[in-house]
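A, B, C and D label the chains in the order they appear, each numbered from 1.
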């Protein structure tokens, strides 16, 4: 028996019918240490073959979709469960999974906040099981790798927060910018809104249609601010404005912050060096010395590409941070967390090169 | 002889082969008080019918393109000239036009700055004729309508500055925000880069490809800062980051500024009211009471749609300002200026409704 | 009182909430001989301002939407009614309108077929009032202008049939091709599917997603075949395959037909001449002598642009025919029909130049 | 030493700066049996790191580009060479490679035709070395797998021909359709035109811009006809019309052919069965029993997805065949051919699942 076979992990995916879910499935089907044992999705998908929902799966995967109604029965066959669900559902099922000794990576928002008051402020929900919440780890491997390695429950970061926090963390941790001045202007592809249908995702409404939305009340503003606060060691209120772009995949977060006066002479080369140092153990963060990152450069990959600039007249640092919202912003990061939890090499199954052009 | 015939103006277009030029032609061909007498474009277009360059013109316009080499000969037949050229060319021809008694609307950058040092800083050029420069008026009718009415030379604003300054002017003029804190995060359709070919405008590079460019050195940063400074009555350094979007037309400028402390209690309703008051004589500015503006809402029109929001925790005002970069950001605004110069109704020829979807 | 005022026509639009409806509204608001008196839409839109549904209408039109429930009350105030509805609804209301002495242009399918059996085959519906059906005229001004001038009820052609029939008519009428060999491969923008939401029109499903649909059972195959048969003087079965393109507006119909053997020596120049002759009274058909038509060339206009080619080895004529599906394929053609019915100049209100790029 | 190491093959890529070249590089960098030893591209790229041309390669590959001038020196280090060049260049270098004992997969057109007269008709070129031409095999593994296995020089099929011929082969080989009636209406993403810049690939010209091009004179018409003729055992003239779509990747070939009269009763189920049988040894052809294939279903993969329909009234078979033009239509198929030549499993390195959405 080889080392690889020893490490084979059985997983189930809840929420396989969504874009994050099917992206997860695609990665896991090619992961050498994983066997996908079952899929769950919404009631309307029950009994349907995944290739009926996603024709690209024809000839590749013919699992059928079950629902959470059968969780008890299905739990026994897996070691680890991924949940890719709207917020507020996972909290009703995760405690049972944890108690059954399973590992859990939750791609939703339910386990991203340790502070219940903050969670309640943004999601208007109470956690039924505080003990389970208490052991959740925020699944940002670039910031919390050691905690993740020991965890059994991961709150996988949101897509906007992933791009924003990776862009801002070195500045905040090193106290280079005035945290009261932070602005994140984020641009997202339409897939961030999910596969559900509504006028906002209608092709004809988005094509040639750039617009801001959820200004000052997007829940990811809460997540970015909360995580920024943890890094700063004090509360931070980030100004966060998300925009819909006429594209399918990708997030471009442009982050702005005023240099604190003692740091007003910092040079761009020093900043780049500092970022490279900060991310030296992060295989998926690429810090640019020249050029600006484009969402295409990371399409289909788990990379976060970052470039920096300083406006010396206004003393403003500009950070450009791009990810694929469905990979590093969701499914890829979830697999990265799984790799850490399960003791696999961090990059296993995640070595895709961007599909370019 | 009717009133309309009396007012008929003969115009020539220099730079008709570009996107701004052909947009101008399209508007002017339907303008009741204008006759387009000739077109000029680059050497390679000489002698070509405009419909060979732009097949949508078949059966509509069959003017052929001349070049600036024949300006002397062509000057006599027109009352007013539009120039839609890269910077640095117009300064060599406009003085002669003005001296010949012609009116001029320059869509390029050459006559947007009265301060030669600022112009030189951003464009590295000297003006050969200071007297002509001195009489140029910055063609923003919402800010300088009376001066425009009396002018004979207009420096038509750039596309990014149009969206940015219209978004910021009421805040700056009313001293509501700290001008040192202004950030403009601007998103543009690809047509802003013109019809010339290069890798940046290749379909396959832009589709799914959002990226910042010219960070901290885009010339429109100079124009926005200069105009903001005029409004503020003191120098202003705006942090300005332009981004390329995968779309053809439209600019979405998201503007951020910190409320000055005395104004920290200002309510959103008051701000909206102040904007409406500021733009009460501006037929092409629409201030939203609810909702966010989308680039589609103004496609093909001369409107600038503006919405506002306040992040009370960070004391930041957010202004969303959208235009069609080729219309309000170029050709439409040029016609609006022509209407004012020539004594026509300001909106003549500019009543198009957005092509939606 | 001027001639224009004499001719002012009051109209109502049923189905104003859809893409064809709002396109119609946009054209009519700028039509010099028309006053739009009321709008009707679906129940969910009742009482809503049109600018709440379509923000581009802010400051331009503030009519609110009524529903067909109030038709009796609203009928008196108009001279002519446009209906832009899914098939099967108009037949329940049009007879009453006609009996009340109103003119009607129906953009739906209900009055496009005189042969009830054919209509029933494709739509599975019976006409409640055969007399009204009998007086309907198929609203293709290029083919039936004189009948339209005398009509009071128009069945406005479908979008695909408009592009296809205009492309094929000269070949069929002149018996140049074997009608048994006709293939129409049609490519449409997503707006042809309407504003209703479903997975097919989700941005993420259509972007980068070209596919055929409704192969061999699209209702427009029935309409194309029926109209081709009328032109041929005998039944025709066109092979028709529609495809969805990742774009908003436009149809490109590529039509193929084998030359009948006696015509095997026909030259392309002769064909072009024949087309130009055939459409010499058609202000909106542009026959190209060189080059291929692009959907962009007609975007936002009422033009149908046509180019021709002959594959001499396979004896196949290829016709490329492009329209804007919402203008010439729906609202524009409807206004063209209204102009003819009401005695206005055929092109009134329809002189837009393509929004390019 | 393991089996895998034994099989490690050293390869060079000529034309790495193009879209097909970089796609090839991406696949080969993840291929377990291949080492990419060097890259060559055009003069302007000489000495540049591949990640300077393609930023997605940062941190993944840092090979620099050489040019064909150094072929002699570089030849010794590789076992197999891929060429991804415009036609007419490879013929000057391939004979030397073959004589040096190297295997060659040419992605260009130079070795796709055994009949020199046909090659000359379409490309106006003579082959300098007929012996080398004589041993080339047309690299369509679904049709010529055994010959490929024994070959050392492959003429990799063009993108349009791949989709078209795979769609038509079972019909032609089984003499089901009249080969004189074949029409292929092909729709391609813009990447098929390569990375070179010109107005046709300008974002603003293609977005919302569907058009036919090279009607009746596209070189791939020659390739499709030639290959169809080989399958039919007699000359075939296919009517072939390519169209540019506003998308980056993918080809949708819609193929039409009249059933010969003896086959007029064939049922769709029989056709589907026949296709499945025909492609039973083809791991990358997926024949659909229901539904239509979408270009998205194969994006980034080596699949060719095929669906069928019969118009019984016109006795026409319709075949919808989709591929990713850069993978199955170029680089993926080239790797598939390499796998066969080198004795690797046919699907090695080609198991990607479509990036969806």
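One rule holds for everything that comes next: contacts are C-beta pairs under 8 Å (C-beta built on N, C-alpha and C of every residue); 3 or more make two chains touch, one makes a residue touch a chain.
Model, not experiment: these values are computed from the prediction.
Visitor: With contacts counted as defined, which of the two, A-C or A-B, has more C-beta pairs across the interface?
Guide: A-B
Visitor: From the C-alpha centres, identify the chain that is farthest from chain B.
Guide: D
Visitor: Once you find the CA centre of chain B and the CA centre of chain C, what distance in Å lies between them?
Guide: 36
Visitor: Report, in whole Å, the distance between the mean C-alpha point of chain A and the mean C-alpha point of chain B.
Guide: 40
Visitor: Take the average of all CA coordinates in chain A, do the same for chain C, and state the distance between these two points in whole angstrom.
Guide: 46
Visitor: Hunt down the residues of chain B that sit against at least two other chains at once, touch-wise.
Guide: 19, 189, 191, 195, 204, 207-208, 246-249, 293-294, 296, 299, 357
Visitor: Spell out the residues on chain A that touch chain B in their complex, using ranges where they run on.
Guide: The touching residues are 180-183, 185, 187, 189, 204-205, 207-213, 215-216, 237-239, 241, 243, 245-250, 252, 254, 256, 258, 292-296, 299, 309-311, 313-314, 316, 318, 320, 322, 357.
Visitor: Under the touch definition given earlier, write down the residues of chain B that touch chain C in their complex.
Guide: For chain B paired with chain C, touching residues are 19, 22, 26, 29-30, 54-60, 191, 195, 248-249, 286, 288, 291, 293-294, 296-301, 305, 351-357.
Visitor: Note which residues of chain B are touching chain D in the complex, please.
Guide: For this pair, the touching residues of chain B are 19, 189-191, 195, 197-199, 201-204, 206-208, 246-248.
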